[in-house]
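Next come the structures, one after another.
Common to both upcoming complexes is subunit A, partnered first by subunit B, then by subunit C.
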Partner chain A sequence: MKKALFASVATCFLLPAGAMAEDTIKIGVLVALEGVFAAGGADGVRNVELAVEQAGGMAGGKKIELVVAPSDTTPDTAVRQARKLIEQDGVDIILGPLSGSEGIAMRDYAKTVPDKTIINGISGALETTWVDPAPNFFRFNLDGSQWGAGLGSYVVKEKGWNKVATVAADYSFGYTNFLGFAVDFCRSGGEIVERFWVPLGSSDFGGVIAAMPDDIDAIYLGVGGTDAINFLNQYEQAGAETNLIGGTIMADQTVLTSKGRAKDALIGTPTSGPLATDDPSPAWQAYVKAYQDAFPESERFPSPSLFGVGYYVAALAAIQGINEVGGDLGDGQAKLREALSTKPLDTPLGTVTLNENRQASGSVFITEVVEDGAGGLKVELKSRVDNVNQTLGMTPDEFRAMGLPSRDTPDCTALGGKG
Partner chain B sequence: MRGFYSRRPIWSLIIAIAVAIVLWLIFAPWPEGLVDAIGAKRIFLNAFFGGITLGALYFLVASGFTLIFGLMRNVNLAHGSLYLLGGYVGYEVSDATGSWVLAFPVVFIVVAALGLILQNQVFRRMEGEELRQTMVTIGLSVVIADIMLWIWGGQSYTILSPEWLSGPTVLPIISSIKSSGDVVYLKYPAVRIAILVAAIAIGIAMWLVLNKSRLGMLIRAGVDDREMLAASGVRIQYVFLAVFAFGAGLAGMAGIVGGTFQSLSPGEDTRFLLASLVVVIVGGMGSIPGAAIGALVIGLSEQIGLVYAPTYSVVFTFLIMAAVLAFRPQGLLGSTR
Partner chain C sequence: MALVERSTPYQSSWAERIPTAWWIAGLVALIMPAFVNDFILFQVFGWTFVLGMIALSLMFLAGYGGMVSLIQMSVAALGGYMVAIFGTSGVAAISMDLPWWLYIPIAVIVAAAFGTLVGALAVRTEGIYTIMITLAIASAFFYFTRQNYGIFNGYSGFNLVVPPHLFGVDWRQPMPFYYLTLGCAVLSYLAVVYVSRSPFGLALQGVRDNPRRMAALGFNVTAHRIAAYTFASVIAAFGGILLVWQNAQISPGTAGIPAVIDILVIAVVGGVRRPIGPFIGALIYTVLRTFSPDILTGFGLSGERFKLLIGLGFLAVVFFSPDGVLGLWERWRARKGRGRDPLTGEAK
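Here is the complex of A and B:
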């Protein structure tokens, strides 16, 4: 896979310099190719290539030229690479970044280059498009709190779980993703008995598991990766007495493909996120098929990853925007920004529209973890919530009054729940 | 023991009171006021036993580390890699044979053999050159980590504990008394108790070997003054080999333990290297009882911190280390030389 990656990066750099005339539009792909998300980032590059190829390499009558800039998920690298893309490579549009803190840094950087357009890759921090958003930063994917929407009412109405304790990671994404769940859960009348915030990288949850209150219907888990696996392992060893509800990163591929039986504690766990691999909608199925056909099996995931889909949608948005303005990027790209803001975008995840903060409203998928019959686990689509907006159905003022995600926000009682 | 009491009567008293309080907290039913103040007894007990189990795991890793350092003055920064390798090999063995217990001897032999090769082929060539050894061990740990990533990939592994150790077991310790008068006993994961018992057994065995056997005598003499020992005709290279292999094998077995009640993934090697460094700094370089006490202190502070003050739990470990370095730089049980 690494080889393919290098090859694709290399080809991007080696594209003939002669093609840099006015009949080309340069698109920079800012993506993490080092660090924990490297595999997902590489999938992002693949998906941008796929989208461009599907458009015949053209948009608005002009040739598209891709420039890949690798980052390592840290904000300063992201900004440095973005600056390189704009100042040295002379790109017109940047697709990216990948991670939350990079997104916030890029929002601030975007304000310093008002004549260029930045379309978010898959970063999911709420603040990026909520607090002091940049006029030329567009996000066509949902943010971390939107990913949690719909799950709360699902567990209350479908499962009858009204009292939960929560264990979530003590950092920005943990708060944000939890907020999406909690808002919905509390509005449905649920009760959050106790909230536990655990530091990232905690390996021993024995004490936390013992501290779970007795009379709860389920535990909400907002931890991911190895933390999630450690929790599940120790939870099973301690007797596994109640139900689980998974945050978006709880039941993702890193946990579902881990070796050993710890993950079996997840069977039957409802979770929510921006995509469902078994989504029957024709748009999604066609996209998965195109993805699988475009790359040999050894160089891709079985189906597109979350990161890949994010970059794919960003590339679709860019191509549609450029087509809409007929390739006219003059006047500081004002027309392009207008087109991006107003025209709904058809994506494999459903139709996406942007709000006044240039943040997407779209669909959230509620899934449950089931056995795949071959000793592994997979997720099964249970329900789908459309038109989830940035303020989770509240007015912007109500949402603002609730406060930014933190350990104590949202206040469940204020939303009609308890605890 | 008596010597300590007569030298340090006040400290002895403080330690005795602390032990008495802990015993009371564990065995006595808690009064209402205490439960209101710091939560149910069950939570405290689980955090407390969790800390001891975690300490047992740290002890298994750190005791080999401290022996190797004490004897050979060799800071083996590839020790964490031996831990992770042991875990992966243990997973393969238990997955292939279905036997968790069988994994322990196999892993001990495999990792100890790797330790023999390392000591014989690498460290012997640079004896006494501490900087060079340190650099080489860092290099080795990077290489081994990459090889393991290549073989086992980036995903997480957990080792399945055997049927008779799965699930919780009931301990004869009162957790709470219900209003109806029923006594609720403490439930605790069986596999953790097994780990704890095994670690105590290994610790006692090591202490016996070190203090009662001829090999132990050689090792202790080597820790004190290896030039003198070599000059008196002992083939010190064999002692080195034995200690290195044993320390490596112990770290490998700790990998199985860690893989059973936590998980294995790239990065665990450095985490456990760091943990053993802290344990050894707190406990005192080259001292087995020191490693035991250091591991216990660090394990308890991590677990109790995680439950009662999760935000600061990461800090406690390093606060303890800083305090020890400030007031007793040789470590709690280390000797000044």
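Here is the complex of A and C:
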């Protein structure tokens, strides 16, 4: 035991980077396995394993070896672990990271390792592929603002809700996801009466609920996890008078499967995101089945989580890219980058293409929360918006003129709405 | 007169008074880049020296002043933030692009002023209350930086904060950075050793052991304690500046509660009796932090449980030796010494 421990510690020190067999490609999985998103991160690892297993453990005629590097959603740790993957473990490609600010840090880190390729896990900050993007950083899933696209026009046209107040998390993902909703909502002529920003990890929403204007049609909720449950509890106690609109992380599994009756306030709430669990497309159904078959029920979610799907798509992209170049990673991986940039990728969420910033355009699903008949809640697919691009249908100049997501951006009046 | 003259021949030069073990350690540290790869240099040792410096500032307060302060990481982070704000970063709207010879002193002064202020509040309390008041201020600092967008740029903090290219050297390359952190760590170590033996340091240790008696002797107990905070904050501030350069970015998470606790753990594991303790603790922490997933997977276990290994390691150290790894070493030496003749030093 002692010897084994010593040996493994010694190996860590002595093995220089790149000491590996020629016919192996090492892929690093940079994922949060600590903190708020630990459960989602673990699902990410499962999905990468699933994708590699489906490919028979091979890509481009070479064996794939996975190295997992755990982070804790802070950018410091993400960069530290990425450096370990590349410098110590000698990986060729990194899949990850998971959260937004890690993504921005990895974009900057990517520029310091131009010979390696980084494929984003599920981090959703707009800036990662929009502001000064790195030539070797690829994102095959949509960013946080794209996830909100289509929801605004849906609530205006289908629901007839024209005046909303918003409550969203006061950090980059909160702004970004809100921006996607607001752009669409304002262009459809909606009015944002008031914007409330709450710190991540808030437990008291009493002040916000009390200050809520009376003459509104709905409240947009851009909070998630325990914050969402706390809000719903207090909102329920305060009378729950109006309709709700959910941001992407509002109606996810953690909220829908929570205990207590507060979540019932969510029934009938429209929300949007990059996936719908009841998506009838054959690709999605086949993927869900493969996921369910690959892992015992106690070790997985009922269906793949948002985080899991993100990492699965990233792994698919890596495998397809390596296959395309026949495992040739020479010349600073130039061929691999070329293949990743140009070849459309078939994913369970539909076909994904990258733009000049190496950012995906793809489909967004509008869903509504309904009762599942067994006392629980589930989401039901209502509509689907295809080909949502990075600039949400605007020209890059218009999009740039709007400004980066923040408390005051977008300006609703400038987009044709009010407030 | 004769007495004075006789004492001179016994006075050896300062170089001879340093034990052999230190010469060896120093030599190994200097030629380290010849043996290990860049990753070990930059990530393991660079980080060790930086964390060691921050923990050293805690060791100074706890070991010589008897004050366990949890504010040191926040002081370090404030130093790092100041470098990002007054120097150059990716957030051009806030950063002022001052030259390095201006922003480094500003960072140290601001961080030291903050540390002194916290010290002035904390020294009026004892024991657990000092811990609580500093922990409270540390968490307030974390939440403040996360919510404040005007100065600290909120949740995202600052990226692309890199050291200046001085003397034609890119100080963020592994080898220069290794020597930079090594140099700073050695300097702060020497500073702590020097101060601990100075009249101020001796008075501080007197205050630690019996504040009432020191007050009766005419020493200003409060002033000594606050000055100790100032001195410790300067070391922590330099640690923080190196930390932000190493990470190339700083965000509220840098001084989050887990990071604050980590510094305490490092100091406790290494031992707070001697200034070398924090560096030993930091080395253990960095190695565990960096390699525990590999060790776990080496045993065929799932790498997700890496925190378990870190926790068990710390638990073992604290359980077997309440005064850290240094305490273990000293006890081992004492036990070995028992088997020897106290006069000749030979084994019985």
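Of note:
We take it that the second predicted complex is superposed on the first by the 399 of 419 C-alpha atoms of A that agree within 3 Å, B and C clash if a C-alpha of one lies under 4 Å from a C-alpha of the other, contacts with A are read in each partner's own complex, and residues count from 1 in each chain.
Just so we're on the same page, a residue touches a chain if its C-beta (ideal position, glycine included) is under 8 Å from a C-beta of that chain, and two chains touch if they have at least 3 such contacts.
Given the structure is predicted, the values throughout are model-derived calculations rather than measurements.
Applying the stated contact rule after C-alpha superposition, one finds that A:84 touches subunit C and leaves subunit B untouched. When the two structures are aligned on the shared chain, A:375 is found in touch with neither subunit B nor subunit C. Applying the stated contact rule after C-alpha superposition, one finds that A:198 touches subunit B and leaves subunit C untouched. Shared-chain residue A:258: touches subunit B; no touch with subunit C. After overlaying the two complexes on the shared chain, residue contacts for A:172 are found with subunit C alone; subunit B is out of touch. By the document's definition of touching, neither partner reaches A:280: not subunit B, not subunit C. Applying the stated contact rule after C-alpha superposition, one finds that A:206 touches subunit B and leaves subunit C untouched.
In the superposition on chain A, contact is made by A:68 with subunit C only, not with subunit B.
In the superposition on chain A, contact is made by A:39 with subunit B only, not with subunit C. When the two complexes are superposed on chain A, the residues of subunit A that touch both subunit B and subunit C are 170, 199. Within the complex formed with subunit A, the subunit C residues making contact are 36-40, 42-43, 47, 90, 143, 146-147, 149, 154-157, 159-160, 247-249, 251, 253-254, 256, 258, 287, 290-291, 293-295, 297-299, 303-304, 306-307.
The touching residues of subunit A, counted against subunit C in their complex, run 4-5, 7-9, 11-13, 16-17, 33-34, 42, 45, 68-70, 72-76, 79-80, 83-84, 87-88, 101, 104-105, 108-109, 170-172, 199-200, 406-407.
Interface residues of subunit B, counted against subunit A in their complex, comprise 39-40, 42-43, 45-47, 49-51, 53-54, 91, 95, 154-161, 166-168, 187-192, 259, 261-263, 265, 267, 271, 302-304, 306-307, 310-311, 313-314. Across the interface of their complex, subunit B is touched by residues 39, 170, 196-199, 201-211, 225-226, 229-230, 233-234, 236-239, 254-255, 257-262 of subunit A.
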